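A, B, C and D label the chains in the order they appear, each numbered from 1.
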Amino acid sequence: MKELKEYLRGLAPESFIKRGIIGLKASLDPIKRLFEQRRVPQQGWNEEQVRTLFKLLSALDTDKDPGAARVGEREARIISPLLSEFVAGFCHGIGRSGVLFADQPKAPGGSIMYRLTNRLALDALKRLGVPNIKTALVLPLATGMSIALILATIRQQKKGKKVIYPRADHKSPLKAIYLSGLEADIVQGEIVGDAVRVPPSRIEERITDDTVAILSTTTFFPPRESDDIKEIAKICKKHDIFHVINNAYGVQSEKTMKNIRSAIDAGRVDAFVQSTDKNFLTPVGGAIIASPDQQFIGDVNQTHAGRASAAPIIQFLASILLMGLDGYQKMRQEQLENKKILKEGLIPIAERWGERLLAIENPVSCTMTLTNFDPNKVGGALYNLRVTGPRAVLPSEWGSSIDGYPHPYLVLNAAIGSRKQDVEAVLVKLEKAFSQINY
Amino acid sequence: MKELKEYLRGLAPESFIKRGIIGLKASLDPIKRLFEQRRVPQQGWNEEQVRTLFKLLSALDTDKDPGAARVGEREARIISPLLSEFVAGFCHGIGRSGVLFADQPKAPGGSIMYRLTNRLALDALKRLGVPNIKTALVLPLATGMSIALILATIRQQKKGKKVIYPRADHKSPLKAIYLSGLEADIVQGEIVGDAVRVPPSRIEERITDDTVAILSTTTFFPPRESDDIKEIAKICKKHDIFHVINNAYGVQSEKTMKNIRSAIDAGRVDAFVQSTDKNFLTPVGGAIIASPDQQFIGDVNQTHAGRASAAPIIQFLASILLMGLDGYQKMRQEQLENKKILKEGLIPIAERWGERLLAIENPVSCTMTLTNFDPNKVGGALYNLRVTGPRAVLPSEWGSSIDGYPHPYLVLNAAIGSRKQDVEAVLVKLEKAFSQINY
Amino acid sequence: MKELKEYLRGLAPESFIKRGIIGLKASLDPIKRLFEQRRVPQQGWNEEQVRTLFKLLSALDTDKDPGAARVGEREARIISPLLSEFVAGFCHGIGRSGVLFADQPKAPGGSIMYRLTNRLALDALKRLGVPNIKTALVLPLATGMSIALILATIRQQKKGKKVIYPRADHKSPLKAIYLSGLEADIVQGEIVGDAVRVPPSRIEERITDDTVAILSTTTFFPPRESDDIKEIAKICKKHDIFHVINNAYGVQSEKTMKNIRSAIDAGRVDAFVQSTDKNFLTPVGGAIIASPDQQFIGDVNQTHAGRASAAPIIQFLASILLMGLDGYQKMRQEQLENKKILKEGLIPIAERWGERLLAIENPVSCTMTLTNFDPNKVGGALYNLRVTGPRAVLPSEWGSSIDGYPHPYLVLNAAIGSRKQDVEAVLVKLEKAFSQINY
Amino acid sequence: MKELKEYLRGLAPESFIKRGIIGLKASLDPIKRLFEQRRVPQQGWNEEQVRTLFKLLSALDTDKDPGAARVGEREARIISPLLSEFVAGFCHGIGRSGVLFADQPKAPGGSIMYRLTNRLALDALKRLGVPNIKTALVLPLATGMSIALILATIRQQKKGKKVIYPRADHKSPLKAIYLSGLEADIVQGEIVGDAVRVPPSRIEERITDDTVAILSTTTFFPPRESDDIKEIAKICKKHDIFHVINNAYGVQSEKTMKNIRSAIDAGRVDAFVQSTDKNFLTPVGGAIIASPDQQFIGDVNQTHAGRASAAPIIQFLASILLMGLDGYQKMRQEQLENKKILKEGLIPIAERWGERLLAIENPVSCTMTLTNFDPNKVGGALYNLRVTGPRAVLPSEWGSSIDGYPHPYLVLNAAIGSRKQDVEAVLVKLEKAFSQINY
């Protein structure tokens, strides 16, 4: 700053320059504080500040150095500035020599960026409900592939083939198990009231010498409810097997996060995985894996083959800075309100059409029976009314996470980031859809 | 366009509006042609045109529809427009229900974009030297992870554990083999003149019932030369095992591409993998896998777990459109020229310092002995002179792809996208480095 | 759209493409409505929509036509896309052959853009309080130069040299009079209570055969209050002289706009001028001139020499679209609230320090005496506390719009676009400044 | 930088951070040099560097200071970041209290930017051929309005009403004279060979006591040739009247610039005016006025009424930095080559159709007779063939700058920034147009 003042001398009255530099310093303050504290800022930043941080850090990469002679086979050469925009200047991606989280000498800025992001991810998860963890790693892979990476790490550490999977009708985790070179050992659930739950006792019974891990689920579509991860954690500890929690969109739910905290305290959790897009409103493509066990996440890091795109990393970093902790808490609050509006709006509609709301615990979803309708017709009508994301399911279909669920049903969600207007609109449209079908 | 003319009536003389629309249509012509032909344009586009294409397609995604009521748990909600910029509006990522290349009803635009990208990738590889393929898939994973995905697919299709790997001292492929649940069976090479080669006969000898595939390499650091992929293809066909070619930065080399073409004609190639950043000047993070066997790539596609980031996909799409076929050919030409300048510049330097150029075939690299220097000191001096990407290697180190390579050596590269000024600068700096050390 | 569907055939399932196009159409709806209605939208747009409109229109200009052969001496050639960004693609500027508002054959899009902007400006002023006007023209000149242009037009239409200027201590209007080739005939005001007012009778007395116009003022710094423009309008009508109103930042004030409406109804108003930045939150550089007399504004338009920058025009257009009428009304409301907070916060501070608020009508300003302080010290202290925009004035200085104003005073403003936090901060800082000085 | 290193400690190995900072410093070097030297860089910058400079300087303005309490009536408040983009963050515009080039305490960055721009403009004009000047001022007004401003300044300094205007059929200068409160005294030219010239003797004869200035022209459409500005400069000196040169697009011509230099040396030149868009490839809207007389430009500066848009200023600044002196010289060279191609291409076409090229000196234009064609038809045919900027003129029309010019004619231009392909295309299209008409 002193230098700047010197350089500008004579281009404006000295007092003006001094005044200008005071303002400039104040603008840079949040960045300075971020470097010092390496924690999620309490108050969210604006886009300009995020861009400045990215510009500053990416300017440290060697591909920006006009004095560099670049004679590697890969030097973050890009065909045009547009390509650089897409990664905020971090063209080297992340990783080095087959290790994801390793400092890259060609990319000092990218290395700092990734390390910083991981620190913020850890800080965020701690302050959002799971303080008893030691490490977090933002992966440039969505949850499915991230789970695969974790399981492949486990495969290398423990003898055996089987991953116990309390049934949830979701293809990605099953593919992840398969991709990792292991096999899924699916445990069926049971119907309790309206909900589908997998009793921990059934899970424990299933453990054999060939079992290497349990892959549990906190958040999935109704009627499947969250696994009892605390009990599963105890079981894993007792039997010395790995425990991986698929916490897909659970960060938004204070309660779910509290359950993870309890599971860690009570038993064994080797890693829990959450989507950056479902929880932190980034585009699809990243996940955060976290653990109380620093070594294990380090091993997962080593399992990844080669470098990877920096895009999902900067997207999470941008998002967490733009929200700030206050912003996240506020959105959590809004999510709860929107879910309440959704639920209270659905009750009279259900009554009017001879249906009822199913009593199933889920942080974002509301479910109603579709006893008097053809679910396919309801789905089609809602599609035509431009409702995106509802699920109208027949009991005979794969999707209920159990065979022979007694009700056809409709799932609607008020997830984090949903707007009140979406929720209100869907209530009107649902009524319209029912009327159209019944007409 | 007729409608537009109607809407604008009275806001300018009719003849002006007509004239304006003629120009507008002409600007959109390349996009129209792309939709019609679905091939790499001969002439490169400008950034504006790429942006317009992305805007048009991403506007088809349901998250852009102001009339949509979005009640899924994941709806491409983003915290701020900045996040959307990073993926050119394709916030839904790619993939659906655990299949990578599947049309996503929430993202008509993203689906079209991905399909189009894959068509262009296929067209590009065909016209750049391998016309005898049927399919190509751009993966949102770098080469290491892409190879892992391919191998995991193979694991599910063929009994056995071993992947024969003609030794190249590169961590990523080894990690890929391990990650996929298979095991590496490393075949040692031999020194022929200055080069390190792995004789096909040694490879064939290694095949057992437990062998599922051979992972061959076209491009790696000297002294390791390219594998004889034609012979390996024949061997694979003969023994009915899979053949995967790691063609990391081989697309830039006409000769390497011709070799792949011959290998496919002569024997078996199930997939070859190339980096988007090393060959197409994107940021790190994507790869293209291609094959004469449509079914196999379809299976790989099914092996991926869940959705993924659209970022690496749009980066390749943008790049190939910006270059056009002519642009790519021109850059190939420049690469050859730069490599010649590098080689011819190194010869006198080597002579002056009592070294010599090693006779090793490689599309981008030149290698000289470092008999009279400590390689670590050369590396350090070049680092301080801001040369990025050189490799100064001791024979005792892992890196020569053989035990007991007789010379310490220095590798410098003139890869596609390198500028003449980089090559010229490195010659000056190398001389300077030698002088500093010798002083 | 039909064509688009055709072009995309086969790149995604037909129903998806259809769904995508429904969303695309809906996104374009506001633009379509704008073209049809040519009025300020009720609800504000987002930036993306504004960008799309600008891209669409500027694409109609001939410099975007790839098939054009451009052989004029001026063809909107630009050195780089960055330059185009600054004017949203409207590189031809506005105007033709020395007429500002004339359709330019090289720039169909620019011509439409300017015509549309003027329509929206007219619509905005009408709906914001002055419905009895016929025309409005957005000038790429700030208010001072705009007044000069109007006066130069008057000079050509009426014999005489003098422009009567009820004294306001503002340099720009005086320079405007001088620049236009006329002379200022300054009428002194008088003190009424705390306020400085110029009685209409004094103004009327001043009219001679040499008088061509009266330049009145609605909004200026206290203690000067607004002119009685209704009475002045009557006088101008009676004496057949031109009446120009400097309505600098009056659009934000419903009351001021109502006064202009009454003045037009009651007498003669040839033009009133308002700043785009002070009223519509654009960067500095534009003004809107409006009139019940279409012919007169046409003459002003003809008086401008040559073309001009499109930048101030697109800035206003972007701003009015982003705000929408609802947004503007909301900001007006907030301005009133902030002004109230400012006033109520100043009262106790004034009391505490032995000062009082002066009773002066002004839509945005609050004024307090500085009897017990040196105004220069107060100004300096506030500057150091990073308060921008306050005026601390000594009666002996030019600025009070009268000789011998009895009080030194401080003016603080809560203008449209001010944030509550600015107002609250200034109260704290003022207290601090007083304490520092008094210490 | 030392601070930065401190802040980043621990986020990457220290040597990496050091290496990164070396690169960052090197990237900032051009900016540092610009601040130190305040001259046009020899080599052009890239867009990224220009953006960084603008961001750095605009960050010094008080509207960016998060700690500022802004309570003025005008505080560069803007409705959205988009508006800021249009002026690269310089929302305060330029000027203060009715003086254009005055430091603005609210805008230290804007003040520095404007001062720097004026220095670069002066340096550019000096190095592009007119070293004997003392001052230059970039105006946010195109040439017409800039001339008006200059003439209004002269009106205030010298008694009299008349501006002698050697006839050029251009509306803007005539409007400028009128707008400034003066009267045009048009001196007719004569035909010499094919050219129209206004003999200095006729100009001198016209001087009376009522003459305040001569407004001469260097560059205008054929058949009008450049005025003999050296002789006119002598005449102005002799008679003690002002001399203003309209050098509209003359900067691109080394010869024209040399003539101005000679005129200054030989006699009197108070100001010469050049377009930023025609000479420096900016969007329309700015002009540079320059003079050997610092005082006079200072007076012009004082004549401007109020603030103005910063847009034309930053556009020129961006353009001159992007081009650099080398870039400008290179474009001048290309312009000469393109003009040669145009001329040599027109000769055979003219011959084929019984026309001939007219011998008229002009830095950018070529002129051919249209004896055997209806100029309107030629104009129409070229318009339909998407040729922009040609002039097909009938002798009876205003435009030849003389009454009774003997030939109808066609003017085509190869101005600075034209591309070879434009010139080549127009030759083909002209042939086509002639064929169509003759068919």
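Here is the rule we go by: a contact is a pair of C-beta atoms (placed from the backbone, for glycine too) under 8 Å apart; a residue touches a chain by one contact, two chains touch by 3 or more.
Fair warning: this is a prediction, and the values are worked out from it, not measured in the lab.
Shared numbers divided by all numbers used gives the overlap of an interface; between chain C and chain D this overlap exceeds half, so the copies present the same residues.
When you average the Cα atoms of each chain and compare centres, the chain farthest from chain D turns out to be A. A separation of 28 Å divides the Cα centre of chain C from that of chain D. Computed from the mean C-alpha positions, the centre of chain A lies at a distance of 47 Å from the centre of chain C.
Shared interface positions of chain B, defined as residues touching 2 or more other chains, are 19, 22-23, 47, 62, 65, 67-68, 81, 105, 383, 386. Looking at the complex, you find that chain B touches chain C at residues 4, 7-8, 11-13, 16-17, 19-24, 26-27, 29, 32, 35-36, 38, 47-48, 52, 55-56, 59-62, 64-68, 81, 103, 105, 108-109, 111-112, 115-116.
Contacts from chain C toward chain D in the complex involve residues 47, 50-51, 62, 65, 67-88, 90-94, 97-98, 105-106, 140-145, 147-149, 152, 155-156, 171-176, 178-182, 219, 221, 249, 275, 277-278, 280-286, 303-312, 314-315, 318-319, 322-323, 342, 364-365, 383, 385-390, 412-418, 422-423, 425-426, 429.
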